[in-house]
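Across the two complexes that follow, chain A remains constant while its partner is chain B and subsequently chain C.
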Partner chain A sequence: MLTNYRTAFLRKSNETIQLYRLSTNTLEKSSSSGIKIDIPKYKNRTSTDILKAISSTIQRDPTAAHFKYHDDPYLIPVSNFQKRAYALSQESGRKAAHWIRNQHPELFNHKVAFPPIEKFYPKVVYDENCELDENELKIIIEKATVSDAITVYNLLKKKDIEISSDTQQSLLELVCFYNNQDDLEEDWIEERWYTQANKDREEYRNTWKSNGFAMTLFSTIKSPNSHHYSIIIQGMAKYNQFEEAYKLYKEANEKGFILSTNAYNSAIKTAVYVKEGADHKWLHIQEILTQMCNSGVPMNLSTLNSILNVLTTMAINSESKKYALKTIAEAKQFDIEPCLASYYYLLQIFCADRKNKSTILVDILNLIEEKSLIIKDLADTNFFTAAMENCRYHLQNVDVALRVHSVLLKGKNYNLIGDSYRESVYYRHFFAILCQNESVEFLMKYYNDLVPHIYIPEPTITELIVKTLNVAAAVELYPKIWSDILMFDQADREPIITELIDGMAQNLFPSFEQSIKEKLSLLSGTIYDAIEERKETGKIKMSWTGTMLGNLIKVCLFGDNINKATEIIVKLHKNQNEIIGIPDSQTIASFVDYCIENNYFNELLKCIEYSLEVNYLELDDFISKILTNMTLSAMQRAHLSKLVGTEHYVEIENKIEFVSS
Partner chain B sequence: MMFLDTLSRFLPARSNYLVLSRFKHVQAARYKRSIKGNKPLTYEMAGPPHTIAHIKGWNSWNTCNMLDGLRPAETAIDDEFIRRFITGTWHDLIASEIIIKRQHNIIRIAAITVQKISVTKIYFLIGYTEELLSYWLQCPIKLELQTVEDRTAVVFKYI
Partner chain C sequence: MNPTLSIKCIPCINGSKRNTIRGVYCLTRRFKSDDDNSSKKNQLAVDKLNNLLKTMKKGNDTIMPHQQSKPIELAQPRQLARKAEQNKQEIDDSKQNKPLGEKLSDAATKVAQSIGGDTNKTKSDLLNLLRIYNNEPNDSSEKKVKSSVQLDDLLSGMKIDRSQSKKSMEFSDVDRAQRVKELLGYSSGDYQRTKKYKKPMDNYMPINLFSSEPLGIFNNFEKNKDIPILPTWDRLHEKSLQTAVTHPPRNIYEQMIIWTEQGKLWKFPINNEQGMDDESNVFFAEHVFLEPLIEEWCPKKGPIRHFMELVCVGLSKNPFLTVEEKKDHINWFRQYFYEKNQLLNEVGAFEIKSLPENVKEYYKPSIPDE
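On to the complex of A and B.
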């Protein structure tokens, strides 16, 4: 490996040397002919620019698992559950190491790296014995560790060390931003990726710590100025303590303070809870906006987003669309460009009504298609999921969905997908719309690309995909989809299995080549075996239905897999109590016909045995068919008569003779 | 051999014999044949040291021992620490030598493990090993594991 790299590198460097020589030659010539050389301006590069340039040459490889997983067949996850479990296991191992370091900090104080790397050293514990001053507090605030900042502040207070108002303000900013508690550390990437699903539920739930450190700090400030008010209002609004925030806003107003733009934005957001009814909410917004205008505070992007956010809560009101457009127009005057969050709110406002379809998404796409997007608002990550959902339920248009997808894949836009939950919701909608609208080839193109490493379909989506295959009679894809179903642990989902087996049984055309027929019958055999095996080990609790097994028999017979078909018949006979319903008589008839045609007497007997048990109406027909179309030895006849019951047998025989004479 | 020739010229016969016998019976990194001939060796174990760079590679890849190389002694100690740490942490799971490769400030540790514990546990150990060794050696550590079903998969020959 290493030598390969080395030779490649050497070759590369040789080339550059050659190029350099060539260029120097030409340069000499050109300079002699008197052409001025334009030396480009020096560009300032940061230390990671080269790394960024290199990484931009690499794309996501759909054939490999995500790089966080180990590249070994045993260690690569194949289902959603495994993906989550493996990634989180690794992180929990890292946490264990972290815990050990914090438990024994004295062991990890050696300094090997030069320059020293802070991240590898154990955390400093602050207590009364530490030599502390205000600078230390400033550094901690810079590092944004909330709990440490609070302890150090309290220690400083105890020691009666004066703290400047600037530091006090930045501490207030810190605790308000993080709601008095430590944020999930940056290092735990997987935990962030997998747990944010719960955050949606917390939307609009008041999580502000009302008796927290922030409030105490705010109350100790003797004469809070406009900055302090701005900070605390923003903090409260961020954690949905709207009423208090609004109260403080009014208080600040009475004192004649001019707040920061973001504090006004937070005040706008409080409309969601403080006011009821669309008219009141809009009045509230207008009031604050005039206040801003009078104080000479300009609006910014987040003002726009807060207004739109409030408008989404009154989207049923027909006026809200008008208001939204007005706001956007106003923002444009200030040269404020809407970000993805604004578009997300617009989608919600315009598409709340299911009857009147709005094609606003297309207009939005026209605007953002050419841009490379960066995150500007926390709600930006909601956009792509919402857009795809809009395509699926509102527009029901696959072309728009594809456009959304191409925007997502452009540049670094994929970073805006949010977290694993949003990602899988996005792809759920994407596949649903592909299944509804496009040909199988088209669907499979995306399926092969995205499954299983980027997205693993949920059971409902698998069912949709199977349905699409059935409708298109894409029999050649059944083996692949079946192995995928097994891999994703979805073989216990009854709707999927029923759909798959039904589809297989319906798409049997005599014009198929023999090899395809055989493959299909083999597949139905494997399906039967795989499910049986899993039922025995208790992995699958689904019970067979007669129709399912009947369909399997049909497919088996279609490809001359008589052994499997007989096995299923025997299974039907033996486990009648566990199997719901019976196969239809047509299936049994075709089994009988097949046996007569190929002279399989023993298999035939098993079938008749079962039909006697179930007592099909067509039973007599079956037997007479056997007697007329099959040449039976005396022994076989005796066998059959014993099975059917001698009297009944003779009756049927007589009937046949009567018909033939 | 040149050295031995000159040596034998100066020394009496008895010492000559002793020197030669030492030369012949080098034991380091050579495995002794078992009586029944059923001692399993991996590919790496099967080659004596003089085959390094001919039929097998080094177990530690670094530039510390080159001219003007940095920290040769410390690196050797660190490597030994890593080996002991990993064989202890991955108890009874490592089926091969532990290969330690240093590039810039990154240490890549490669090994073959046995699929004896569940995958989630393997991932836990990967995360734990990488993180703790990073804290200890203060540089990024990467584990590069391959798994085999059982130890016989890595047996090259029996002696």
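On to the complex of A and C.
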């Protein structure tokens, strides 16, 4: 019976399999006849694609320090200063290694790898004994080491070796691009990241070396052609030698040369210095554009940016906005998409007027939000900082700020932040606007994410954050913010400490749970101890004020931390000459009340001692309160009377008797 | 009590002005004599005079800062305060701009009223005194300037009791309630201003950045074919853009990307023959099958053949030599045996007919001495 079943079942299943096979067969047949299978083309992967793919799977861990600090957990930086110092010292170690390798190349003759790694070779020194030819010069130009290129060129000249005009031209391009100096080596990423470079100040400073090799080379060219003119004009304009650049531009024009597009762009930029007044500048721009059109040279992105850059210098002129939009429309004809730098200039042009505020940032965001951005102009890196600043001061709108932030975090856009300085300015504005506009929870969400590993708030921002906590009465966050203040070495900033202590003292609500009360009082004790300790070791120079200490006493009493409160009273008494001002009488009164309630006579005595010294107006009230509300032993009475002065004491006692009778 | 003013004044004033001061002194004396009975009221009068003098001094220079200083917050409450002070008199705005003389006479009337007693007399006394240095208030500007200078000199020379702060002086006649009211009024004005102030995002007007008319310069544009191109410059520019977005690596993989780009690391996917560009063009058979190289010169059999076959096997298994080197190696033996031809002939073994071509220098063996 059972076996029958089984065979029947097996047969059945076999049939279904058969059927399935048949059906798949027919399917295959139909696909081969009708649908064409598209075999995807082989994709060429570069050597870094795998690494990029793996790297993209790694999320940032907000609790971890930056990757560069991961070598030594004892050296995890907690302040801006440490971040900079550690990163740069790591790099200077590498620099030392480079130095030794270059100083003693004879020690590094062994081949450590095959194929040999050129980066690990000692630097080649060129002198008169070298066998040199033009190819060597070409290789050096390819590697873009300016000083070597100049030496080799001079050596070749000495040996009377002919140099082709192409090589000469690319040498001129090299020295003009780098202004006759060696560029910072690409290995020094940290140095570039932390170089503040006084960029703002140097923006329009003439740094062109007028007696440099570039000029000598240019003058040795007997009949400079349009290439040479283009190069030297571009070089001069890059290093802000605008007057000379403009002179050469005119000279080239007279000779009827057609220059490179970038040379025309450079000539446009000279308007900043060569011409004064908005009208003249605009005429200058139009003139050059007409010249370009007549010569058949098309606009490019850099032309657009140069024009907008000049327009920023005349942003007060009401016409500038019109001109800017017209220029963008003109560029559109050449299919030129504005880049971040263009938007950065637009922000400057449109938001120069502080009364008639422009909301152009929103329009810009609408345009860039969906795109993944790549760098197209060196000024692109200014955009995000400027946009956030615009949100803070100009639009004062947190929603726009969040949009800017989300654009920054999208894709690889974060690379466009610029350098560490710009990054911290960006976050400074971001936090300021979060503090002004948003709830504490929202602020803390970003705070926990970004602080301290990406951004460490500057003292002013810390103060703003503390203020926000105060306003929102977010008492539970005080311990965290205090430990952060300590960590960032900002405990010596008086405004922050005052704000914090004030806020704590203002936000004492009796409805708090006992545990919170205790925590608060403990915290105020910690604040007192920490600052005291730092003052003793001379780390901070801030002096206590009476109100600060008074507030601390208040918080201590709030959480039954009578010992600390007494300690502070004693401190007040002992160091009167160092402490500015006195706590207000209410604080002292609440101290007295607290002691009476809990029967702390010794503490009370210390308080009275101090009050006598300061001579509070309410002193008599305090004493009479003590006498009426506290049961004192004869000994204690004697103590008190001795302290107050017997006569005065008797007087007060009489008064109480008089009132009671 | 009262003469303190004049005593204070005297040392500060030079002779020419002394008689005017005597006037002030007399004035104060007169007040004293008028209201002999109450010294308190007398003191009040002196204070009033002090105040008057203060306002005089101020009246002289109010116009300047009033116009210069932009913020309204400062200017407004002052006006408000003054209006409140002179509530009954209802001084309108035009009066604020009245010449100094008229202002003084108004002020004098006020002082006279507040002192009480014979109002007209007090007033005329005050004005008489003032007339000493301001004879014709409506006269030509030159005289006006002169007189005002005199007044200025006089007033700046005098030590007027300015112990009261400016603000409290302004409110001196105003009671607390009024002050509070003003404060409220002030703040409510502030409130209104903030209410009026619209955040920029409230009136957001979208701008289409591409909607504008183009400049129209490139309308009849024809592209020129030979525009100078600067390859090195463009390459360097591209490089500088790349370094501008190269930031400290965020994880080991980014670090490895940088190392790979600098050529410090094996390239992915890992290839054992990376960098051996010369060898990549050589077929493996050339490495492994070396017998054809000995075919043409080596004897078909015998010990030399045996030896050379072993050499070929050894070389075919050697991964460290290039094909060229292997060939050179074999050629070295060929030459060696060629130079031993004589010996080989003597023993009747074999004769190697031809020399290999292009034997590398360093592979030439030294011929042993006979």
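Everything that follows uses one rule, which is that the second predicted complex is superposed on the first by the 619 of 661 C-alpha atoms of A that agree within 3 Å, B and C clash if a C-alpha of one lies under 4 Å from a C-alpha of the other, contacts with A are read in each partner's own complex, and residues count from 1 in each chain.
The definition used in the following text is that a contact is a pair of C-beta atoms (placed from the backbone, for glycine too) under 8 Å apart; a residue touches a chain by one contact, two chains touch by 3 or more.
These figures come from a predicted structure and were not determined experimentally.
> Quick check on the superposed pair: does A:296 touch chain B, chain C, both, or neither? Answer first, second, both or neither.
Only chain C is touched by A:296; chain B is not.
> Which partner does A:112 reach: the first (chain B), the second (chain C), both, or neither?
first
> Which of the two partners, first being chain B and second being chain C, lies in contact with A:50: first, second, both, or neither?
second
> In the superposed model, does chain B or chain C contact more residues of chain A?
The partner that reaches more residues of chain A in the superposed model: C.
> With the two structures laid over each other on chain A, which partner does A:120 touch: chain B (first), chain C (second), both, or neither?
After superposing on A, A:120 lies in contact with both chain B and chain C.
> By the touch definition at the top of the document, which applies to A:89: first (chain B), second (chain C), both, or neither?
In the superposition, A:89 touches chain B alone.
> In the overlay, answer first, second, both or neither for which of chain B and chain C A:280 touches.
Neither: A:280 stays clear of chain B and chain C.
> Counting only touches as set out at the top, which of chain B and chain C does A:74 meet: first, second, both, neither?
Once the two structures are laid over each other on A, A:74 reaches chain B alone.
> On the A-aligned overlay, A:100 touches which partner chain: chain B = first, chain C = second, or both, or neither?
The first partner, chain B, only.
> Output the chain A positions appearing in both contact lists, the one against chain B and the one against chain C.
Looking at chain A, the two contact sets intersect at 87, 116-117, 120.
> Over in the complex, which chain C residues touch chain A? Could you list them?
199-201, 204-218, 220-224, 226-233, 236-237, 239-258, 260-264, 267-269, 274-276
> Quick check on the complex: what are the chain A residues that touch chain C?
Going through chain A, the ones touching chain C are 47-52, 54-55, 58, 60, 66-68, 87, 114-120, 141, 144, 169-170, 173-174, 176-178, 183, 186-187, 189-190, 192-193, 226-227, 230-231, 234, 258-263, 286, 289-290, 292-293, 295-299, 322, 325-330, 332-334, 338, 346, 357-360, 362-364, 366-367, 375-378, 380-381, 394-397, 399-400, 415-418.
> Within their complex, state which residues of chain B touch chain A.
On the chain B side, the touching residues are 61, 105, 115, 119-132, 134-139, 143, 145-147.
> What part of chain A is in contact with chain B in the complex they form?
So the residues of chain A touching chain B come out as 2, 70, 72-75, 82, 85-87, 89-98, 100-101, 108, 111-113, 116-117, 120.
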